[in-house]
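Each of the next two complexes has chain A plus one more chain, namely chain B in the first and chain C in the second.
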Partner chain A sequence: MGVKQLGIVGQSVKRRDGMGHVTGQTQYVDDVFYPNMLWLKMVRSPISRGIIHGIDTSKAEAFPGVVAVITAKDVPNNWYTILCLIGVEPNDEPVLAHEEVMYMGEPICAIVAETEAIAAEAAALVKLDIEELPPVLELEFAIRPDAPAIKKWGNNTFMYDGYNHRKLRFGDFETAIQKADYVIEGTYSLSPIEHAPIETHCCVVKPEPDGRLTVHTNTQALYFTMDNTAIILQVPSQRLHMVGGTVGGGFGGKVDVITEPITCIAAMKTGRPVKWRWTREEEMRKSSTRAAVKMQYTDGVMNDGRIIARKVRSLEDAGAYHRHSPYGVQKHMANLPGPYTIPNVWVDAYCVYTNRQPSSAMRGFGVTEATFAVECQMERIARTIGIDSWEIRLINAYRNGQMRPVQKVVEDATLIETIQAAAELIGYDLPSHLKAMSSDDYAGNGGRHHG
Partner chain B sequence: MESITITFKLNGKTTAVAVEPLTSLRSVLREHLHFHATKAGCGQGGCGSCTVLVNGESVLSCLMLAALADGQEVTTLEGIGTPQHMHPLQAAFFDKFAAQCGYCSPGMIMAAKALLDKNPHPTRAEIAEALAGNLCRCTGYVAILDAIEAVVTQMQEA
Partner chain C sequence: MAKHYGRGIAAVNYPTGMNLGGDPTQALIFCQPTGGFSVKLASTDLGQGLKTVIAQIAAETLGVPFDSVLVDTGDTDSAPHCMGTFASRGTHRVGNAVIMAANEARKALMDVAADEMEAAPEDLVLENGEIYVKGAPERKTNVFNVALAAHFKYGKTISGRGIYMKQKSSVDPETGACDPDSTEAHATTVAEVEVDDETGEVKVLRLSSAYEVGRQINPEMVHGQIVSGAVMGMAHALTETVFPYYPALDHHTHSFGEYIIPTALDIPEIESVVLEYPSSNGPYGVKGVGEMTANSPIPAIVNAIYDAVGVWVTDLPVTPEKVLRALEEKDQ
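Coming up: the complex of A and B.
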């Protein structure tokens, strides 16, 4: 990039798509209509966990205006997991449930009809024979050895290299904690958070005469969606003409490949364009959320405020299926120690499965949760040992050249400078020894941290 | 169900449409007449993205039966300006970065228009009150209030 283009920094620039937005000319997916278009509605699990004994679609099929009914047998490759593209295994989620249901709202059967109202009416006529099982809903219960195993591999956690949690080990926590002047514990929990975009999930698929499918989607991850859809449909990806890029709010909630495969199958089966748009209730109650998390910290702290040992046990609620959580927990693990220099670290991060709606991506998922806990814990430490909130962070802030617990040397650290600038902006006069600190003072400070 | 014919003024033009009796005004606009600016965030009066003007009053079109619009004047976002000739509110939302994903913008702008048409010099609190039924998940309300306030200032200066 030329220097000229960098001249844009500091200037106010108009959004390229802004004029379309304010005049109503932007075409969102729900604004796409085709002649002869059909509508799709989903029959979903009414309970959190159970065994499917029967799906009777006969009444729905006979309902006037219903054109197709789609169940698991219509899905060429029904078992998938979105992150198979980066090597996450095994495929643990059915596109349409047929053996068991794992969360309330899980898709079972799609009704395709001449109007949305007919599809909804017919969906209510599908008779489900599901034997209810006690759901696993609580994180600590889920990882108990005597909890019912809801995953096929026999427990309720993602397996990281043979372990039921992701481990991070750095230095020698056990020895260091013995030497600490204080041992300070804190537990921090978050509830699931729904993205609640104003635009709900929507997909429109039109079969083309050349055998391709035009797929209008409000996914945030167009190519990711194309690849996963191709795998589920068992077609080469060039048969999918993906049209996207206009999203009415996503925040990570629209990266699950969740509307496109079924809508494609409906279009292929009927030979007609099909639209599937979610109701507000589906968006709030069935779409994935940010995970619930419980994080427990045990820190060894010296009288002068140095943290010499940190142990974290974290349970993240993936809900019923992987979605993006195995990866989210990996990021989570790396961020649980925080941006601080702590020579002895021990982290156990669990990706836990429960019978709740799956959690998935949302704005810095895994990381923001850790930051919330770390900063609450820093405050707790400061108050427990009677040290200033600025000082506790500045003396422990990581410095360039230091090794992080994830075995990466710190480069381009700006935490100290950012805190100093923030203090100045709010007119807080930091004591001179804190003002003198710098991200580059590792040489002078390192002995202290590793002493 | 037997359809009924509704005749109303849409953005100044007399428009007739045959619909089933329980159809909402929002469906008529979006799905029968294909005026897509009006959005469909919830269908239950919770988000404000479907706000239009009926005889100048701001109305949630998802909650209004189309039949009730018979003989009335309905204005949608398409009716107040175009990319070539933007309404001052549209221009301000564009200039002041008050539309991020844009999904709430049609409702926001229409709710703001209803207010300014009646009260050209509202306080910031009055603007916020007028937009209380309109949700935005992206932009943040500050930029939206700033944009509307900028229009109020322009009008005062003009």
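Coming up: the complex of A and C.
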């Protein structure tokens, strides 16, 4: 390509932290120890949905070696609404549950003890009195009007500007689908997956003599975590000193602010350093997952392979609480049509709440799922109408200067060039009319654009 | 009973930066007395190599040797705000902020050099830490000397401030119109698989991909993203789920014993080619390649399975059980 040669940019210099990582010398949060440090373990909901009638911590408190027990009343602002920083509301997730539980594993109270083993043993002594309710677990059921509303606002979806889904409307789907030679449908779904970082969630908080807290954290976003923690603690952010920046794998899971607030409260309450490190089981079963998503596509396609209309209905399983899902579904909406020029598009994307461990950010969320559905659907179209798999993509690929369904003009498009390069890489000889295509050839897919 | 070969393709886009923008990152750079440059960031290196590529971008912009640039990440007391490492934004956002800071620091450096050399700043050339007068290479000094002079002779700072932010856009609630990205990277993956119609097992033989990432700051690390992403995508397609019987809660996984992630022996042949079409707003034309590499392998593998045995299994993960059930259904 005609890219200007630079100096050190473009050189494969050795990564600076590589040797530390592969020889085990990099310091991660769990490598931080302080004298006199306490350990924290969480008591969690054993059921998926219920009303809390009682939390009896007396036996745990009396257990030798237990220094503190933390419940909802110890949390100055007991709301964990991390996207409040970008205006997402209303509050829906407590830091520690006290009225109801919404998923199996929801945190209820924290035990702070001299050793990790004592904390774990004492956690098992907390007696929970929870009245079980039938959980809502299935997406289609959750959005039915007669489904029990697990959210206080009266339904089971995030509300986008008064709608229970995010809309995308471009052109006129209903008219266009009538003119299509083929109507091709496909349903695509994913179940939740785990980030599986080698380093599990971990936080160490040390109260300093000047009254500040040093917070060793493996967050992916230090200031985001600091500000959210300060909001929960109801202290100025300046009281917190976040130390991190080196993480043993995040993949989006560590954009949650899930360990820092409680560990800070434990350190403030006891005046001693506290460590909370998650087990692999907690990482798998209690930390956020990638959301399950179900996407239904209905495409109107002409005999020559041009897609003239696309309708998508997508249900994303946010689990019990917002976390990052309202943002993820917004991003999902924008990507559901795919990188193709389709003049008539209709998308309804739902962020649905269920009594499942919350899903949240994970590598590419919103896009990964859309991409999976779009590209399987493209193949289905090719196979259904008998057109070549390369050609169906190339003739519909978006070109620079065309209008995307989100009403942003395409720029920096190179889908066509990567398709051509992939064919060349595997030694597949594309026909000359496909080789001649370019992302700068505005008229290459018929010059189609909206309006 | 046989093993069937299949090939599938998938072509994808990936947006760089937080959806709708409004996600700033700042950088500070200061020069030490002997000419080292410290880049202060509150950004996070998740293992993807941010510290290294940022040092490359800073060295390139400053005009100093790579080894003289130090990158300090991860301390809110000593570095200004960064929105975080996610949304394939790190190299794009942090890189842009660092270029802005480096340009300011470079200007301060060259002003001192001009005083020291009794030349106009615009007549000076800075290359790899060496400074000389244009057209008169014998009139030269270096960053080491200029930094010392700045600190102890002139009493001047050599430092720079940088920020990058894409303005936040709103969403039209009726049409969904919005500005969802800063730029778009692209990729096409070809998956080759072998499907055993007796066991339902899918073996991925090869993943071949073409990526377009704007500009590669460090090609070996881009390659690392492509290879590791391909494996993560393959696992997402075929084995990973915490709820094997979703939406039911049964058999919720709790360890790597049942949560199946590929090991070295499972990794197929992975080959790739990288194209560079610089973006208009990325540092030196960068587009984000962080997240997207796990995406295209998923549909490419599902499409290859269809090519091999003629069934659509579009409910991830594509376990042997689902393949066998689909084959059974097809035969009826």
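The definition used in the following text is that the second predicted complex is superposed on the first by the 433 of 451 C-alpha atoms of A that agree within 3 Å, B and C clash if a C-alpha of one lies under 4 Å from a C-alpha of the other, contacts with A are read in each partner's own complex, and residues count from 1 in each chain.
Assume a residue touches a chain if its C-beta (ideal position, glycine included) is under 8 Å from a C-beta of that chain, and two chains touch if they have at least 3 such contacts.
Keep in mind the model is a prediction, meaning the values are calculated, not measured.
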Quiz item: Is A:200 in contact with chain B, with chain C, with both, or with neither (first, second, both, neither)?
Solution: first
Self-check item: More chain A residues in contact - chain B or chain C
Solution: C
Quiz item: If you stack the two complexes on chain A, which partner ends up touching A:280: first (chain B), second (chain C), both, or neither?
Solution: both
Quiz prompt | First, second, both or neither for A:292, with chain B first and chain C second | solution = second
Exercise. Quick one: classify A:222 as touching chain B (first), chain C (second), both or neither.
Key: second
Self-check item: chain B versus chain C as contact partner of A:248, first or second or both or neither
Solution: both
Exercise. Look at A:30 in the shared chain and tell me whether it touches chain B only, chain C only, both, or neither; answer first, second, both or neither.
Key: first
Quiz item: Of the partners chain B and chain C, which touch A:20 in the superposed model: first, second, both, neither?
Solution: first
Quiz item: Can A:307 be said to touch chain B (first), chain C (second), both, or neither?
Solution: neither
Quiz item: Between chain B and chain C, which residues of chain A are contacted by each of them?
Solution: 12, 14-15, 17, 21, 196, 247-251, 280
Quiz prompt | Sites on chain B touched by chain A in the complex | solution = 30-31, 34-44, 46-47, 49, 76-78, 81-83, 86, 90-91, 93-95, 97, 99-106, 109, 135-138
Quiz item: For chain A, which residues are in contact with chain C within the complex?
Solution: 1, 3, 6-17, 21, 48, 86, 104, 137-139, 160-163, 166-170, 186-194, 196, 219-224, 226, 240-252, 254-255, 280-281, 284-285, 289, 292, 317, 327, 330-331, 333-335, 338-339, 347, 354, 356, 361, 363-364, 366-368, 371-376, 378-380, 383, 389-390, 393, 397, 405-408, 411-415, 417-422, 424-426
Self-check item: Residues of chain A that touch chain B when the two form their complex
Solution: 12, 14-15, 17-28, 30-31, 33, 195-200, 247-251, 279-280
Exercise. Please name which positions on chain C make contact with chain A in the complex.
Key: 8-15, 19-20, 22, 41-47, 49, 51-52, 55-57, 59-60, 66, 71, 73-77, 81-86, 88, 128, 171, 173-181, 183-184, 186-190, 208-212, 214-221, 232, 236, 240-244, 246-249, 252-256, 259, 261, 271-273, 275-280, 284-285, 287, 291-292, 294-296, 298-300, 302-303, 306, 312, 314-317
